[in-house]
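Okay, got some structures for you below.
The following pair of complexes shares a single chain, subunit A, combined with subunit B in the former and subunit C in the latter.
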Partner chain A sequence: MSKNENTLKRHMGLKAANRISNFFVYLLLIIISVVWLIPFIFIVLQSFRVESTYQVGYVIPQQWGFDNYLKLWNSDFKVWYLNTFIIALASAVLITVIQLCMSYTLSRFRFKMRGPLMRFMLILGMFPGMLTMIILYRVLSDLGLTQANAVPGLILVGVASSGMGYYVSKGFFDTIPKSLDEAARVDGATRFQVLYKIILPLAKPIVIYTILTAFMGPWGDYVFARYVAFGTSSGYNVAVGMYSWLTNDQIARMYTTFCAGGVIVAIPVTILFLCLQKYYVEGVTGGAVKG
Partner chain B sequence: MKQYSDLEFLRLSKWQRFTYKIAAFFCGIPKAIASLFWTVVNLIKTGCKKVADEFMDIVTTFTKGDWKTKVSFVVMGFGNIARGQILRGLLFLAFEAVFIVYMFAGGGYWLSMLGTLGVQGPTQDYDPLLDAYTTHYHDNSFKILLYGVLTIFFIIAFIYTWRTNVKQNKLSEQILRSGKKLKSGKDDLRSLVDDQFHKTLLALPLTGILIFTVMPIVFMILVAFTNYDGAHNGYSNNLFTWVGLDNFNTLLSWQGGNGGGQSYSATFGEILTWTLIWAFLATFTNYFLGMFVAMMINKKGIKLKKLWRTILVLTVAIPQFISLLYVSKMFARNGLINLALMDLGWISQPLPFWEDATWARVSVIAINIWIGIPYLMLITTGILMNIPADLYESARIDGANGWQQYTKITLPYMLFITGPYLLTSFTGNMNNFNVIYLLTGGAPTNPAASGAAGSVGYTDLLITWLFKITTGAESQYYLASVVGIMVFVVVAVISLVVYNVLPSIKNEEDYQ
Partner chain C sequence: MKKILALVLALVMMLTLVACGPSGNNETNPPSQGGGEQTNPPSQGGGEQTNPPSQGGADLSGTYDVTIWCPEAAVELTKTQVANFNSSNTLGITINATVEPVSEADAATNMITDVSAGGDLYFFAQDQLSRLIQAGALMKLGQGAADYVRSNNEAGSIQAVQSGSDLYGYPLTADNGYFMYYDKSVIPEEHVDSFEDIIADCVAANKNFSYELENAWYNAGVFFAVGCHSDWITNDDGEFVSIDDDFNSDKGLIAAKAIYKLVSTPIFVNSGNADFASGSAVVVTGTWNYSTIKDQLGNNFGVADLPSFTVDGQSYHLGSYRGYKLLGVKPQSDAVKGAVLNQLAQYLTNKDCQLERFTNLGWGPSNKDAIADPGVQADPTLNALWAQNEYSVAQPNINGSWWDIAKVITTDIKASDGSDEALKAALEKYQASLEAVFEMSDEVRNAFTVIGALNGSSWDVDFEMTNDGDIWTSKDAFEMEAGTELKCRQGKSWDVSYGDPSTESGNYVVAEAGTYYVQLNAATGEITLIPAE
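The block that comes next holds the complex of A and B.
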């Protein structure tokens, strides 16, 4: 490769070689874009297909129409959608508050139990979350928060254990210079005032990142949601409900409806995500660097 | 093993250094175990000394204290109230009251049953009024275990609070003797948003973690030592009880499983192997391909950078269950790809994407690349742009070609920065439930393994196996929790090894 490049350079000069390599890069990027977008284009196309509700060997519908969306409207999908939306909204608010409390404290305060606490949570995080599903279900069912009442139950469990995911925002707080805090403290601000008046305005990107991820999480939450709401359609979220459409006995009737549902679910989340993309990238990058 | 001095070590090539470190780690294991032993001995020693000190302190506080302090030993918070710290005193008192009421109302019962997890199962009793047999439920093993654990937590909290109460009395006496004033309730409240602000901030998150993470994990670890399953649900059919290490023996023994299939240990070994292979491939294919895509987009002279990125990021935005389920059906036996290829006449039989073990494994990894590259592209883009440009400049002047620049500058830099991320990503992939479950559900089924704990497939990870055991017909909760503990052990060992080999920054304070 490099030898070829060198000979090319000698023959055609730097610019031409660059142009050729750029051509290949463009070609690859176009191929990648197509591969990445194709499933989504297919979903959208199939959601408008009228003539068959099952998988077929072509992509562009022979007969276009909104039948699948009407079917969606007449099914329990509305309930699932509302459930998921409520969970997402509540999680976005509560998880953000909890994670910010946690990460700010661990980043800024030096107290006796800090080190042991962080090590303890690191170890806790090594247990698979799936393990605790059984008991959490039993506890929720004792509280009456399963099946039809699954929504508050899911919010409770999701929010309560969210403190463990403090790493990304702690990494961000670590980058805000401590001298700011100290200056404010010297001027007589309490710790609370430091947080409220100085840190929070600076932490806007990470706040938005946390809200965004907390809001997006519940849309894909499947395992625990299914376990908690098992068998009661009014307690399903979109993932659990739509998964049931693709089981062997339903798929022939509901496959295109699933596509339509997918489009309806994906549109708001995707728009929100693309608008706030900048903050997401910042958070993800920061999180990876800080580990 | 040959020991190198620092200077000799620096003279080794990169690869030799790496192998040396790994070898040193494993050779260091006996030493580490020995030192661990001595640490434990020392810990016990200092622990004993500390406990003794605490007792001495409690005794001297009692003997030297005034009557207010002495009453506080029984009535918590009395000293605080008598000395004017009403708020603190009332809180102590309230806690004691709650504790005593709880212990008499049920805590004592749960605690006393913890040793047996219940003695009396459900009985069929003759009811003369109805002239029929009715079922009477007695002990409930599940609740005994759950509330027993809770009670122990509560007792520990009580002892800690009682000790704090004693300490406070001693402190108050000292402060009053030196002629200073005690903090008022108002001061206490004020300090909660100031000096003690961290306590306010952590109260809610830590309570949540304690109740919904720590307590369940302790419970599930204990379940591994019982025979809790569908047939022993501890309430309506049979009670469950302690069985010691039997479940670990079952999982690790070489005898055949029930139903005449392969032994549990063989199944476990197979799944563990695939889990590790999967985690390794999933992590590194994504890592290198993601970096490659990021470098292409970053390349000088490439236009529309934002567009390329947005297209890839789209897959991050769309909920995984939609994209994964859709793609899974697309590759199914009667899915779009197979139907289209057959219509075109390229194949006569559907390709066995999910029916053949090797096909399924390769497909899962390939689709995971599709899912994972956008994240990696985002992560690596930022880091790549941070590499100082003059490094490449001087490399080019020295005549390094693209590949050399990559291996000598880009890759070491990336590996150094993203080392910890790779580790979390590896362990995350080991527990990547969504991709496997939504794509294949563990299929194709492994007939040899099906005798042991539910139907096991060739693409099952430990985590999906755990899920199948839990939700399977026999609901072998005890086995699920043994598998869960095994996952923990594997993750912990890998993290430990990698952290010892990684050159990355371990000192948090250096970083800030």
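The block that comes next holds the complex of A and C.
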């Protein structure tokens, strides 16, 4: 096999051989990207189709328009969207703060029971969160944070357990040399200043990563959101709300509207990624050079 | 010092959370003692008492906060109808309604999540009745309300809200069944009665046939066509105790063959949606897709009852389930509010409201006067539904897990090669899954059968027996050699079995060759052979 290849290469020359292997690599990549992109293109095109609202056998709309987006605006969708946005934003801020503080503490401080506490949280974190659903519902229900008040309820649930997700950032903080801290302390920096001025700038990628995951979790949450907000449209998030359009008796009327909703849902996530990606790359290379 | 301060602060924060709790609760549940001066005692749990008769002296006037769950399509209409109720009722009731879109299919799941926070009135599909009763989410109708339901609705819909001898809801529609929509340009009028012709037309035109056979609600209809049945037996508390089901039988095999005819073709689409715009020429679905399909097909719109299929020269009309949509009333701690909700529920299910729903949403009414309305009578889809009703089975209380077990039949048939053995294997797998989950019916469990080296079988077939008191006699006579061994056993298991204790094996041994009926005295365990003429 390899012998044949070698003789082949010798006959064709290196350039031609490269070109052929590139051809196949690109072909494969093109196929994969087409498969990957088609659903997105499809959903965008369908969202602009106005001649009918049900599923059809063609992709390019016969009539273009914004009817589906108008329909979204006139439905409960904007309430769901706002709910989701508030939950995701609040969670992103609070979870990031709590998680980074937690990681900094566990990485830099030495205190009694530190080891057992970390192990305890590790084990606790291994139980799927869904197990606690019923009892969490009862707690939220007694606090009056279900149905119409589902938004603060869902933020509370999301944030309450966030400290336990400390592993990744703690691991990253551990790689930043302690001598930097010590140097700063010697120069008179407080613990908080060390975190804020030394550690965080060095740990930018992990901060961005934390923000992204904290934002994305609630953004796509379905199971728990549905359980907490059951039967009350004003407490739904987009996933629960849009899923209610997929029932047998509704899909024919709401199919294109659903597609439009999907496009709108994708927008903030896309923007978030595009904006943060710059910092993300910067953070990685910056950190690499500084070592 | 700092630590103590932090601790105190944390405690204060927790306390404020707790303090928030009850007040938040009160907002969602108005105190039931609202009408303190009124002489209505709090309900004592007695069934009748929760529903004071509507004409009784109780003063119902006042303003009530009511949450209504109905499908999204009906939200606006329901709001209008509640407003009409407010302006038209003579009892001085004002309903302050919150109408939430909750699909009828999800009503039970949502109610059972937390009954106390669920809707006061809610639309639900009939098969959820027993789940809702068990969860305490349905108010039992009082005498007056039950009489109202009985005298105004068609017979099947009354049965749909009945459990034991009591009624638990108000029928809303009598249209929850399916039939066939077709494209007239592909299927000629003379072919709509034949399953095979329709399939052939679709194949010829390269059009799809949408029939959601990988869903038990649809595939059970094929089995009903050949006379199979699948009935759940419930006890008085509405709990499922067993199933009486004969899908795995010779008749069932005919149905399996019919299913194979469609699912083995490339034009089969497992869907109950309005697919005419995406390549289907036939869709089996219900009234809820009427307006969409009408829009898709235009002049080629055709609607009919399901066709007949032919197996081994015999023709069978495809069957279906027919069901009802119901309006449930949640039990209330406040008896007055309970009575008000019943008044509202009666209004929402009366003739006029049902006709409004028919006109605006195409929902087929259950109210007898509404059915008699000329507009309803002329409706093509409802006529197709009524034609199909003759071949349909009213949907009984069905255990939730059955749907998942029964839908696999079609999946297995689709994967098979269509031979009798393969189809039988699919049915046997279905029965095995059933038996793994559910007990056999009492009838089967108590019956005796003959088993042995009979009719060419070797202890692997149970032959049925009929009984007269304790005397059980086999249905068939068997040709037996001398020395043939047999036993009688109960419930197709060896827990209770009789043979002949005097023989070495314990089996009954035939002494003299001949053709005999087997008779068992279950009281003594004695087996005798009765020669057949």
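Quick note on the criterion: the second predicted complex is superposed on the first by the 262 of 291 C-alpha atoms of A that agree within 3 Å, B and C clash if a C-alpha of one lies under 4 Å from a C-alpha of the other, contacts with A are read in each partner's own complex, and residues count from 1 in each chain.
Here is the rule we use: contacts are C-beta pairs under 8 Å (C-beta built on N, C-alpha and C of every residue); 3 or more make two chains touch, one makes a residue touch a chain.
Worth saying up front: this structure is predicted, and the values here are computed from it rather than measured.
J.: Now for A:T146: first (subunit B), second (subunit C), both, or neither, which partner does it touch?
T.: It touches subunit C, and subunit B stays clear.
J.: Between subunit B and subunit C, whom does A:S233 touch in the aligned arrangement: first, second, both, or neither?
T.: Second partner only, subunit C.
J.: On subunit A, which partner touches more residues: subunit B or subunit C?
T.: The partner that reaches more residues of subunit A in the superposed model: B.
J.: Of the partners subunit B and subunit C, which touch A:V159 in the superposed model: first, second, both, neither?
T.: In the superposition, A:V159 contacts subunit B only.
J.: In the overlaid three-chain picture, which partner chain does A:S244 touch, first (subunit B) or second (subunit C), both, or neither?
T.: Once the two structures are laid over each other on A, A:S244 reaches subunit C alone.
J.: Touch check for A:V56: first (subunit B), second (subunit C), both, or neither?
T.: both
J.: Quick one: classify A:R253 as touching subunit B (first), subunit C (second), both or neither.
T.: second
J.: State which residues of subunit A lie in both footprints, the one left by subunit B and the one left by subunit C.
T.: 55-57, 227, 251
J.: Write out the stretch or stretches of subunit A touching subunit B in their complex.
T.: That would be residues 1-2, 5-6, 18, 22, 25-26, 28-29, 32-33, 35-37, 39-40, 42-43, 55-59, 98-99, 101-102, 104-105, 109, 111, 121, 123-124, 126-136, 138-139, 156-157, 159-164, 174-175, 178, 190-192, 195, 216, 219-220, 222-223, 227, 238-239, 242-243, 246, 251, 255, 258-259, 262, 265-266, 269-270, 273-274, 277, 280-281, 284-285, 287-291 of subunit A.
J.: Looking at the complex, which residues from subunit A come into contact with subunit C?
T.: Contact set of subunit A toward subunit C: 52-57, 76, 137, 141-149, 227, 230-233, 244-245, 247-253.
J.: Considering only the defined contacts, which subunit B positions touch subunit A in the complex?
T.: Contact set of subunit B toward subunit A: 142, 146, 190, 193-195, 197-198, 201-202, 204-206, 208-209, 211-214, 216-217, 219-220, 293, 296-297, 299, 301-302, 308, 310-323, 325-327, 329-330, 332, 334-336, 339-340, 342-343, 370, 374-375, 378-379, 381-383, 401-403, 417-421, 423-424, 427, 431, 433-434, 437-438, 462-463, 466-467, 470-471, 477, 480-481, 484, 487-488, 491-492, 495, 504, 511-512.
J.: Applying the document's contact rule, which stretches of subunit C touch subunit A when the two form their complex?
T.: 17, 20-21, 23-25, 27-28, 69, 71-73, 100-103, 105-106, 110, 113-114, 117-119, 272-275, 277-279, 288-289, 292, 295-296
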